[in-house]
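Each structure below appears as structure tokens.
Shared chain: subunit A. Partners: subunit B in the first complex, subunit C in the second.
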Partner chain A sequence: MNYRYWLRLATRLWSSEYAHMLEYRAEVILWALSGVLPLIMLGVWSAATDGQGAGLEMNQPQLARYFLSAFVVRQFTVVWVVWQFEQDCLDGRLSPYLLQPLHPLWRYLASHLAEQATRLPFVILLVSVFFGFQPQAFLMPQPGRLLLAVLAIGLGFAIHFLLQSLVASLCFWTERASALERLLSIPLLFVSGLVAPLDAFPPGARQLALHTPFPWIIGFPAQLLSGAEVDIGAGFAAVAVWIALLLPLLLLTWRLGVRRYSAMGA
Partner chain B sequence: MKIASGFFRFLLILRRFWGTALASQLEYQLNMLIELLAMLANLAGSLFLLSLFYRQGISLGGWSWSAAQVVLAAYTLLNGLTATLLQPNLSRIVTHVQQGSLDFVLLKPIDSQFWLSLRTISPAGFPEIATGLVWMFYAAHQAGAPLRVAAIAITLLLLASGALILYSLWFVLATTTIWFVKTWNATEVLRAALVAGRYPINAYPPALRTLFTLVLPVAFLTTVPAEALLGRLDWPWALASLGAASGCLALSRCFWLYAIRFYTSASS
Partner chain C sequence: MAIVSARGLSKSYWVADKQPGFAGTMRHFLRRRSKELAAVRQVSFSIEPGEVVGFLGPNGAGKTTTLKMLTGLIHPTAGSLQVAGHLPSRRQRAFLESITLVMGQKQQLIWDLPPLDSLRVNAAIYGIDDYEARRRIAELAEMLELEDELTRPVRKLSLGQRMKAELLAALLHRPQLLFLDEPTLGLDVNAQARVRAFLADYNRRTGATVLLTSHYMADITALCDRVLLIHEGRLFYDGRLELLSERLAPWRQVRVELASPQPAAAFANFGEIESLEGSELRLLIPRQQLTASVSRLLAEHQVVDLEVSDPPIEELIGRLFRQGSLEEPGP
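Let's turn to the complex of A and B:
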């Protein structure tokens, strides 16, 4: 009975958020387009390594597939919980949420998942257009690989969501947690594999990057999706470690924060 | 005479606008500190990314390591300008339309485009503007450019023309709010695409090069001023940049005058 209750709750929550997101379809599409950075970087990398392939052990189609995969992974690992939470906190909307018998973070999670579902058809369209322009880059993914990639994207999203929720829960102490998020977004941009494959890094920088959560959000799922050589076991192990680290930390911060919380707004 | 006094009046108003805006912004010192940190991290990241190419001996579009830095510096400068003027002002147009407060702007005895574009200023971009300028000259010096007064003057002129192009595009996009209420995200797409200006235009494959020159004139924002500072600019490019700037500015003006005819306020 219990799990049925939760299942019903989850579907209701998701479908109400999905209906909401469908209303804002045009904006979601524009937002998806604003993730165009990996494709711009593909332009730079492919022109730079044209004919020589120096340093990178990737040929042109592999390079194209990698950055296209990074683009797709980015689409499904975008998190904006800190802004929403900050707004809810400042407007006093958080207070009724806290009274409900449901952890408010579930609501935000449902909202993110619903938004991803809204993006999906548009991302598929963009990917088809891309392969229309670069047919030589197309490679039919193996079903097993594809499943693993989808799993990795989901887990990468989980890491990013936990990380940003951790920053968001600092809203209980400071009113401007989104400013801190700005600092967090910079390493995500540069060392996640979004703008350059991690294989292009000097060895020292690469090792350093692999010890942060960022490559597991974008780079690792992108490598899986593009069909590149990658240590699958070690990758998923690192992902598991980060989730095991972040989840308790988030729950702890949240608990301490709620204790401090003294409602804002009217 | 009349033009001169009108210009003077605008300057006086600007001083009041920006004086009050700065006074209120400087209350948030922690924000300034975070902006500064973010800028440093961003610069480090961009340089690191650029070094990934040059450490393997790849030169982007034939530009040397120092010359490519001039482009990056120009991008930093324009990015600072965006944070200082464009972002704080133009992102509010959406809110004005949504909440109907555009009514009050239109009723003020001052040009509405002027008011909307320059009403406020944010110190957030100041460090980037300063760093970008200094870095541009330093990197150009490193690249062996002679840095003559004429070249510097033309560079500044071309940077201003790049800024005007950027402003006009952004303003036109923000103005479309009058028809489609929520186009905030459209300006985000513009910002995302402008990141292409971090690299010289020759660093892109031919198709993208055309796109970034004719459709989305990223080339005029950073590459053209950088070439001027390096002392290797062709005159047609400089003239094209000035032409594009005046064209875009005129377009933004006409578009605004056309758009407000359709503005019907927010409430019923």
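Let's turn to the complex of A and C:
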């Protein structure tokens, strides 16, 4: 298969999924609204630090930029593949997908990318409103930094997608993989940088968190986007290590899982 | 050379074994028990290219499990299998491009979009260029009488239209081997007839091999010269349909609505009385006596309505197995 085949396939998959998402645009906006936790945490931290950001080694505009960035990153790293896959597995829709010469995960990936495109105008609107209320937080990142931030968001999404797909593939064994997803959602909430910048963690907890994949999903891209000081090389190296670990593990789990597939519901 | 060759094919599942009630629930929670269920046992058959073969059997006989093994969806527990020159469970691209499986109402079409959107994706997946895809879609849509429905959201289509759209999607890549699991399930009589006519036409035009399961005897009689009969996972019959039909249904079911209730004795010499409730009579009449018996019935009694049908295949097979008329295959 040459690159033209894959380009045409990617375009077709994405455009059909985008059309599908547009049918549910109101729902997508509601989902996007449900991701305002970082903005709530900004309010909490602003009140707790008396509007000075004291104790976080940040001033108020930096604090605002970080949580706004975390909000943006969160919008583009949301993954729901485990629920979609579980549903497809239980109601038999996975079977026709498995009978096509295309790995079903490509469909889910296209679906996520289409959903991100649907969210994009809404996110731009919300960020504009935010800067209207907090003009002192406004910062236009340097083009190079912005590009790196976009790349880090994409890779953060890749880590989250691989992690959740790995859990989803346990459906071949457990049938209820979404219950196992709780094992991911709790650390994602507390150690990814959603509720507090990692720099605010006690040193021991911070070191521990940095050895998990979660800070690379939210915290690292958010730091890059907000213009905060960050070790870019080490960050991307950690991201590369996690992807290199998760991808083969996912492919292996999938291969073993498909052998156990009983095509229930089909 | 056979396009499908199955030798000693078996499939077993481990299924949870739970007793009902609170005590059963607690026992099941504390100590899970499961038991092995043999869905398919030592099934052997082969199919030549271009054949249309009916796969018959009551619910839970192992038909769908066998189809899933033939398509590579599930792995056999034992036995050997070659389909279109491939080992299905390896699910190689060339194999997947040569087969299709249509499973009743299990849809591959995107529910909220028109079928054309899903067809465009399928064309890209199978590497069919736009010109060729348009040509094939037009040809199949004409055969299926589906031209106007391709731009309407799938959720707005009737069951029959949806089934035909599913068939179109399943055949876009021109598979040489079609596995159809209950392709007319839930359709009205007209839609069933159109799907049957389409399948017969498709087989004639393309020479594709078809293996289909159905609960409707009419599907089997319209399409298949040969049938495989499976029961409790074992293959009981592999041969020509006419021979099986004679053994399975040497009689037809006749439902009669009489103008007024009559005693059963009045119908004793028309055939076997299956039921008589008020003015509703059901008779089983031998095929060769059908015309004469129905003529006499109409002449001698006041009949409001009359319907002649084949009894459901499941009932026929069940009756036959209860009578023990079919012998198990030899070693």
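As a convention for this text, the second predicted complex is superposed on the first by the 260 of 266 C-alpha atoms of A that agree within 3 Å, B and C clash if a C-alpha of one lies under 4 Å from a C-alpha of the other, contacts with A are read in each partner's own complex, and residues count from 1 in each chain.
Following the convention adopted for this analysis, a residue touches a chain if its C-beta (ideal position, glycine included) is under 8 Å from a C-beta of that chain, and two chains touch if they have at least 3 such contacts.
Quick caveat, the model's predicted, so the values are computed rather than measured.
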{"item": "Subunit B versus subunit C as contact partner of A:Arg176, first or second or both or neither", "value": "first"}
{"item": "First, second, both or neither for A:Ala200, with subunit B first and subunit C second", "value": "first"}
{"item": "Partner chain(s) touched by A:Gly43 [first = subunit B, second = subunit C, both, neither]", "value": "first"}
{"item": "Partner chain(s) touched by A:Arg259 [first = subunit B, second = subunit C, both, neither]", "value": "second"}
{"item": "Touching partner for A:Ala19 - first (subunit B), second (subunit C), both, neither", "value": "second"}
{"item": "First (subunit B), second (subunit C), both or neither touched by A:Leu99", "value": "second"}
{"item": "First (subunit B), second (subunit C), both or neither touched by A:Arg8", "value": "second"}
{"item": "Set intersection of subunit A contacts, subunit C complex versus subunit B complex", "value": "24"}
{"item": "Parts of subunit B lying in touch with subunit A, wherever the complex brings them together", "value": "30-31, 34, 37-38, 41-42, 45-46, 48-49, 52-53, 55-58, 60-61, 180, 182-186, 188-189, 191-193, 195-196, 199, 203-205, 208"}
{"item": "Residue numbers on subunit A that touch subunit B, as the complex places them", "value": "24, 26-27, 30-31, 33-37, 40, 43-44, 46-49, 52, 54-55, 176, 179-180, 182-183, 186-187, 189-190, 195-196, 200-202, 205"}
{"item": "For the subunit C and subunit A complex, residues of the former touching the latter", "value": "13, 64, 68, 71-75, 89, 91, 93, 96-97, 99-101, 103, 106-108, 110, 112-113, 117-118, 120-127"}
{"item": "Of subunit A, residues touching subunit C in the complex", "value": "1, 5, 8-9, 11-13, 16, 19-20, 23-24, 92-93, 95-102, 258-259, 261-263, 265-266"}
